[in-house]
Every structure is written in structure tokens, then in C-alpha cells.
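Take this structure first; my questions come after.
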Amino acid sequence: MTVFEQTDSFDRKSDYPISELDLLVKSNEPVNHEYRQLILAAPADLLDRCRAGQFFHLLCPQTADHRPFLRRPMSIYGFYPQSGELHFLFKVTGTGTRALATLQPGDRLSVAGPLGKPFEIEDSWQHLVLVARGVGLATLAPLALEAHRLDRKLTAICSARHRDYLLSIDYFKDLGADVIAITDAEGTSDVDHLERLLEDLVQQGKADVFYTCGSNRILTLLKKIGKRHSIPGQIALEQQMACGLGMCHCCVRPFEQNGQIVNLRVCREGPVFDLQAALAW
Amino acid sequence: MVDLSVDIGGLKLINPIMPASGTFSEELAEVFDLERLGAHVTKTITRDWRNGNPTPRVCEISGSMLNSIGIPSKGIQAFLENTIPFYRQYAAPLVVSISGNTADEFAALCADISVDGVDAIEVNISCPNIEEDGKAYAIRPSTTYEVMRKLRKATDLPLWAKLTPNTGETPEVARAAEEGGADALVVANTILSMAIDIDSRKPRLGNLMGGLSGPCLKPISLRMAYQCAKATNIPVIGCGGVSTAEDVIEYLIAGASAVQVGTASFLNPTAMIRIVDELVAWMVRNDVSSMDELIGSINDGEQSEGLVFMESAP
Amino acid sequence: MVDLSVDIGGLKLINPIMPASGTFSEELAEVFDLERLGAHVTKTITRDWRNGNPTPRVCEISGSMLNSIGIPSKGIQAFLENTIPFYRQYAAPLVVSISGNTADEFAALCADISVDGVDAIEVNISCPNIEEDGKAYAIRPSTTYEVMRKLRKATDLPLWAKLTPNTGETPEVARAAEEGGADALVVANTILSMAIDIDSRKPRLGNLMGGLSGPCLKPISLRMAYQCAKATNIPVIGCGGVSTAEDVIEYLIAGASAVQVGTASFLNPTAMIRIVDELVAWMVRNDVSSMDELIGSINDGEQSEGLVFMESAP
Amino acid sequence: MTVFEQTDSFDRKSDYPISELDLLVKSNEPVNHEYRQLILAAPADLLDRCRAGQFFHLLCPQTADHRPFLRRPMSIYGFYPQSGELHFLFKVTGTGTRALATLQPGDRLSVAGPLGKPFEIEDSWQHLVLVARGVGLATLAPLALEAHRLDRKLTAICSARHRDYLLSIDYFKDLGADVIAITDAEGTSDVDHLERLLEDLVQQGKADVFYTCGSNRILTLLKKIGKRHSIPGQIALEQQMACGLGMCHCCVRPFEQNGQIVNLRVCREGPVFDLQAALAW
């Protein structure tokens, strides 16, 4: 029979890779009329564990109008151990993100993470190509920082409906990336045009690997070009999540592995997957 | 000094808090020390590989959630090779949840899973059963008794029967499980529910219907835990909507000897250890030193006898 | 221009919104014009005077409430003398909810209440029945069929059977009610629940257990409404957790032809007329002009057939 | 078949006695460390319908910490058609009142009412005696105003644990009432002392009717004295409520009527009842 005193002495290790923490909101400002950037104050040891491509699971606040029940997954947009900041870039869409939008500096937000498999940058990948649209840029932004740190060349193809909606362009430029902006408004974002851009990069030897997230259209195209030229790739995917940790199996998506279709958990085996294994949906 | 230990039909737990099947996995070891839990309960497994249900597999409704995961399973082989060894690292007892499509298949799996490293078997008799038109065994006393008899013969390990709220005969089913050989009752699984997206007019779950869990389920499961504790002489493990120490205490007072925590771990991965800490603090504050002072201590007066078999709202 | 009218087995309602039994009374006429409702549904009455249950008769739980009012009743005489004449002022149909301790007593009351001014009888077969160990008729198909047969013989008025969620056999019970002669199904009553005050260790309801109503009940009743609409050919009236026009639409899409509003009227006495207004606004916005465009319009694909008889969470 | 346009035209009468309204909070200040006074801006036609002894059913706000589900009944502490104000005096006890305590000026609060049966003042009742303790004073305060308006004499016996907790004394005095303060601290609030005070009033012909609320002890005493001297009385009672309107029958209490014990609804047949019919509990 075991007898306790009120104690935490049972914690055998103190360095669990995943934390559940109430963090202080430093700011939560609109970036444009759909997106907001949320900056939390975070302890250095948490930020040290963050990697590009990982995400946090956020317990959005309860407001009079919005009562999200489950947590909401959000990619790490930036993690800065020096300044003690954790950044998210989010699009206000439904219940949870609307509640998130109400957070004020000084409020607290419960975060769980960092979660999931990060992007990989293999030693031989010197020229990285990143293709992103919309909120996908939030997920890919820290990859640019990592590429910069590792002194790799980076081309960022940023797609949006309109120049006004192009996010993070300056961020990528400041990190020394070649930025190619394509927009629906200018008619430069269609698949054919994107394919030509990518083929050019391949011809110039500037595409050792593709990184992307989200869009079906871009996935299909990148898979095709990747296969054609044997260029590897990684994609960050989304799926609705309950636990975010791997316990509930609600976040599965089908993938192709060794010629078979298998369900993998986006929160655990992902959110970053091999581009060729990912299936369009 | 407070003593949190409980005894579930001979199995000693250091405290009454354990995870609910399907809401726990090895990954939680990356969040806190799993040794702090009263027991480890695995996701229900089946003998063969199963894909599970189409997505979306969860949806949130007012103050709770629905799920229709559908018991995806890697099959018994993978479980024996990977899962059991993982939990062997811990002193906390391992409770393996299993299910089968027919009573015989179920019993065979029960025998095959009765291996070293497994401390108890939780039989999920609350999932659809193809022999009975998709009704769960635990909907009726007769099917409960029959499947429990077969399962009882298949193993010498402690056998926990997980009941369903989708029945009008909770006390009778509880007694049938006891008579069929259950060593404890887990009360209860999720209640069958539905939600529809009014814009697309589609069910909000890929599988049409799913199970309601979380806070909304608590008053229903609590009532069942009370009924089961009154109707049988075996320990009851409460399950449904537990997210605070107060919830645990409510279940214990109702007659449960331990509780399982499910949905709360999705909202707060550290919920279970927070609950253990809160429970200790509550006991100190209220001068309660052992679980026995709580279990079944409800002041239900005269009414209990007549009403325990009531199955309709008064 | 939108048309909100619905037809419940021959009875025409100007809109699909009506109160749930026990959550409505003449007093609400002091808050808004009762003529705006699709129908008026009275609190369940019994033949004789009844005191009802001990207090506390309600308690609130996370996001919903429990009640154990216990059908206090002034008896049929007072009802005939005061209540029916009151509702005669209105064109909206009057639906009288009744209950009885035995099937014969129930049927006799049904006959005696079939008077001028009453437009339909809602038979509350979901309250405890002393002939069946306190189980409600509507827990089992057999008892449902038997009592419905007797009730059917007792009246020529439209007969609405109010079902209980405390069963594992919803589709079978629904069919038994239809075969027994029900003209419509009210789906459903409250689900048996419990709450305990951990300080006093007493049940939070004077009657030990009570019925859960309000938002938490919605996914359960909605699932039942869907099952009943699939299983029978009579109109279904959804009931459970309706508090917005979106809730109404969800029930209609699931297959209900109308809904009853209960607990929401406690939180907002004007809830029902607000819902009617919101429903009109939604229809205009979504270019829906009649209830027929909504009723049973769920996109449930292939799954519906196999799953409608499922009674356990997948 | 009836065809609607979006309209309220079905409202046949526009003057329903009971309203459900969202009112603006003007102030919500602590009165002492347990009680707060809540002042709402209310339309004159609502205030015109208010009577002393009636109550409103309040939909307390949802806060992060408190999620009351049902409404909470609160006596009308004051109604002022001229200034357009509706006052409540409440004790912070549980979930609902704690949530109520968070209301800020400018917030809105949904109220349903006025509800229940008011106090009566018969023409022959010239000398009114009011005995109240704690929050009961909130309920009896508007009766003092009404007595003043009708030019009746009023003696207010106000009981509390300690002088610091005596509420509304000045309010009663300003309305010309004789105020007798009795406290536990001074040992003046016990039944015997109260009985002597009341007997004195009776002897002086200053007690045509008793009004009280709450306390069992006071109820028992007033019933005894009332019976002894054939002095009528009224008592305002409390009971947990769901609908507040008479629909749900949860708020019943037992009363003695014509020698029989009957359950009456506190929200409808009350909250003001005949003193002799009320039963101690």
C-alpha cells in the first residue's frame, strides 16, 4: 500500500518533451482583415524544443459568443528563445479562432506542445524550394529561418488571391530568400505557370527539395515534378484533431506506404509527411 | 498523510485515477510520468487489423464531443510485440481493453491476450456486436451473461466488463455481468448520439452516429455507477465526464471504487495528474484519509432500494 | 414568403414549434401571444390528485439541468374545468399529455380526456410504470405495443406516443408504438441521471434521480429522432435541447416534422417565439420556402440502412 | 394553411404583464463585503408594473469561472419610474451571484419579470410592522416606500449579526419609519427580546400587520404573536426556481390551507404568502 503526501515527487524525469502551459499573451494584432499574429511569452526551455513544422494545441478561451470545446492546432510561426517569444499566425475562420482573436495582452492561453514531426533538412539539400499559399506560410516561415541558420539557399514561391494577401514576404526576403510572388489577381498563380516556374528552378539546379503545405493542386503538381526529376519533398497537412498527441486516432489521413494505403495520424506521424506518400483529397 | 490506494477485485492501485480506453496511449509518457496513474488502460484492440471509421471522426457539440473512431486496430500481434513491453516499464497495472465480433472470437482473443505483463482485461461489451443486429452485448442482460461466461472461461486474469449507457436495464445488465464472472464493472462507455451540419445537411461524423463523451455524460454515467454499485457486489469503476477531483469524489460517494478519465485528457493532457493532486488537497482539507471513507458513502436514505431499478426519469 | 406549416398525422400546425410537456402552462400567456405557437402541450396529468416529488426538484449541472418534479397533478376534474376552457381561447391545437399507473387506468384516462377542445393526446409512456418494476412502457417494444393498443382503443383523437431515451431499442420501440396505433412519436423525454452534493453527500435531487434536459440532451434525442423517422412511417416530433432555430432545422433535417421546446423556455420565457422568428429569417436567407424542403432531407448516403438499428456507440 | 412574412403581427396584445428584457447595467457596487447593489436602467412601462414583494428572474452572465445555467430569482429592491432605475440588493453566495457580481456598468443583463404576488397593504392596516434580517431587507425595502406613499406608519425591526451588517437602515429612516436595530453582537436579536419588542408594539396599538421574510425563527414567533392577537401577516419566502413563472412546479413549498397541507408554487402563488399559512421548515 502506497501512502502519499501532497507532492510531485513521483515525476521521475523533469524534462518531458511535451508541455502543457498557461502562457502570457504579449500581443494579438491583426495582420490583415483575415489573419492575426499572436505573440506569447514562453520559457526558453520550451522554445528550445520547438522545430519548424511542429505545432501547438491551443485551448481557445471561452467567450460569451464562442465556446470552443476541443483544442485547436496551430503551427509554430516563430520561436525565439532569446526574446522568449512564441508566435502564431492564424486565420479567423470559426468558433475557436474567433475566440482566439479576442485574446488581449496580459491574458493567459493554455498551450500544449510542441507537437508532431518537424520538417527535415538533409545535409545534401542545399537549394530548398518552398511553395505556399495562405495560412500555409505560417507553417513554412520557421523553415526559412532554419534554412538561413544552416546557410542553405531558399526560393519561396508565395501564392495568394491578391498581392494584399501575401503574407510574410518581407520575412522571407530578410532571411535572404529569393521570393517569387504569384497571385490569382495577376493570373500568375495557375498550375501551368507554377509548373514552368518550378521547372526553371529545377533546370537551374536550384531545387534539391520541395516543401509545401495544404493545397491539393500544389501537392499534385509537386508530386508530379518531384517524381519526374527524383526530387524529394515534404508536405505539412491538416486534419481535425481532438487530443493532438496520438491518443485518439481522429486525425488520420490516408497515405501510400510501400504500395499500400494506410491511415496515419496527422498529429503524430505528421503533420509533416513525405510528399510522395501524401494523397490528394 | 492520505492514502489514495484502492483495491479493484484484488488488483491494488496506488490511486483511483486511470485513463479511459481510447483516450490514452504510450505518447502521454512524453507529457508526464505515467507511474503516477492508478493503472494504464489501453485502447480497445481486436484480433485483426482494422481500419476504423471514415473521417470526420470527432465533432464538438455544446460543452462536449462526439466520436466515432471505430476501433482502428493494429491487431494482436503488434500489440503483443510493442505495446505490452512498453507498459512493462511501469509498476502501474496494465489493463488491456479488447473486443470481438462474436462471443467466441472475443473469448479467443481474451485467452490470447492473457499474457505476462497484462494485469487485467477490460472487455468492451458495449461496442456493436454483429451477432445481435449491431446491438452491444451490454444492452441486454442475456447477451451480457452469455458473453461474460465465455470470456470468464478464457482467462484467469481479473475481468472488467465495460457497460453501455444505451440500455434501459442497467442494474440487470450489471448483475448479469457479475453472474457471468466479471470481477469489476467499468461504467460506462459513450452514449449513442448524432449531430448534423445544417448547411451541408450531412452528419457531422463520417460514420453517421457516434458516442457522446465529456461533461454532458457525467450525470448519466454517475447514475449508472450508483445503480451498478447497488445492484452488485463487485467494484465499480466510474467513467464519464470526469475532469476534476470533485467529479472523482462524486463518483466515489455514489459507490465507485475508482474512475477513468477520458475526454478531459484531450482538453488537458496533464488532467489526470492534476486530478490526483487536487484529490490529495481535497482530502487534506476535508480531513479524509482514505478512499474507503468516500466509496459508497452516499446519504441516500430510504429511497435507494426502490429506486435503484428505476430506469425512467420521474 | 415562407410557409412554416406542418401536418402531424392530419393535425395542421401553423409552425413546427410547440412547448414540451411540463415546461409550459397558462401563465406563459402573460409573456407573449400563445397563438404564435404551432400547438399547446400541457403538463402530464394523471386521473387523481398527486403531490409530486420532494424538493429539491431541480438542480443545474454543467450546461444543463436535472429535474424530478414527479408529475404533481390536480387530477382530471380540475383539468376539464379549468385548463381545457383556457386553451379554447386559442386556435392553436391543444395537445393533452397523460399518464397512468397501469395500462388500463391509462386507457380509461385517455377515453375520459377525449373531449371537445382537445385536439390530440400525448401519451407519456416514458414515465415509471408500476406494472413493470418501475420501468417505463417505452423501454421495451412489447410493453410499448401493449399499452398503445389499449390507448388506441380508448380514443379517436390523434395519439402521440412520447418515447424515452432510457432504452437500447429505440427503433424497435418506435415501430411497436406505430403498430400499436400511434399517430406520431414525440422523441424524447429526459434521460435518467443523478448528481451528488459532495459536501453533504446527499443526492442533489430530493428524489435521488431525475431527468437530464437541455443542451446536453440534444445529440441523444436527435439521434433518436433520426432513428424513429427511419424506422416508422409516422411523423416524429423532436424534443431535447432545442434552443435556437438551428436546433430546429437540425431536427427537421434528421426527419422530425416538428419540435418541442422545453428547458430553453426556462432560460428565456420568450424562446419559442424567438425561435419562430429566427426560423423565418433563416428560411428567407437560405431560400427555403416550406418545411417539406427540410424534413428528412439529411444527406446520409448509403450508411443509413445498416446503421439505423445500431444502438451502441461505434 | 397559414403563410407568414417575417413579422411580429401575431402579437395580439402588446401589454403583456411579464417581460423578458436585456437591461443596461448602470452600476454594481459592493454595499459591504457580502452584499452588492445592482442598478439597471429600465423602461418606465416595466417599472410601472413593479410592486413591492415581486421579483425578477435574472440570467446571470457566463464568466470564465462561473457558468450558471438556470436564472436566479431576485427581489425588487427598488423601482423608480422617474429615474428609470431598477435596483437589486444581492448577497454573493454561489455560482450565479458570483457571476452577477462581475457585471460592469455598460454590460447587459437579461431580466424576466416582474414576477410573483406582491405584498398587500389593506386599507385598515395603518400601522405596519416589518421584521427582517439579512437579505430579507432587500425584499421589504420597497414595501417601506409603498407605506410611505400610502401614508401609513411603519416600524422596521432590522436584525443582523452585527451593526456593520445592518442594511438599509438609513433608507427606512428617510422614509419616516421607526427603526429598531437588533444584533447578535449586542445580544438583542434573540427570540425573547424580539417577542418583547413586538408585544410592546402590539400594546401601543402600533401593529396592524406583520411583514417578514425568510427566517424560520422569526416566522414561528410572528405566527404565535399574530395568532395571539389576531394580527394578520405576510411573509416572503424563497425556494429554488427553474422557470420562475409557474410552469415547472419545482419551487413548491408546503402550506396549510383550510386545515390541509398543500404544495404551492413560491414563484406564482408567492413569493408573498399569508403568515399563518406558512410552515416552518
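The letters A, B, C and D name the chains in turn, as written, and every chain counts its residues from 1.
Criterion: a contact is a pair of C-beta atoms (placed from the backbone, for glycine too) under 8 Å apart; a residue touches a chain by one contact, two chains touch by 3 or more.
The shown structure was predicted, so the numbers you read here are calculated from the model rather than taken from an experiment.
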Number of hops, subunit B to subunit D, where each hop joins two touching chains: 2
Each chain counted as touching subunit C and subunit D at once: none
Chain of greatest Cα-centre distance to subunit C: A
Between subunit C and subunit A, distance of the C-alpha-averaged centres to the nearest whole Å: 48
Rounded Å distance between subunit A and subunit B, as computed from the means of their C-alpha atoms: 35
Geometric centre distance via CA averages, subunit C-subunit B, whole Å: 32
Interchain centroid distance [CA atoms averaged], subunit A/subunit D, Å: 58
Contacts with two or more other chains, residues of subunit B listed in rising order: 61-64, 67, 69
Category of the chain touch graph - line, ring, star, complete, other: ring
Every chain pair in contact, whichever chains are involved: A-B, A-D, B-C, C-D
Residue ranges of subunit D touching subunit A (in the complex, touch as defined): 61-62, 64
Interface residues, subunit A side, partner subunit B - complex: 1-6, 8, 10-13, 16-20, 59, 67-71, 110, 112, 239-240, 242-250, 252-253, 263, 268
List of subunit B residues in touch with subunit C within their complex: 53, 61-64, 66-71, 126-129, 133-136, 138-140, 164, 166-169, 189-196, 198, 200-203, 207-212, 215-216, 218-220, 222-223, 226, 241, 246, 249-250, 253-254, 297-300, 303-304, 306-307, 309-314
Subunit D partner contacts - residues on subunit C that touch it in the complex: 1-5, 12, 14-15, 22-25, 27-28, 30-33, 35-36, 43, 51-52, 55-58, 60-65, 67, 69, 72, 214, 265-270, 277, 280-281, 284
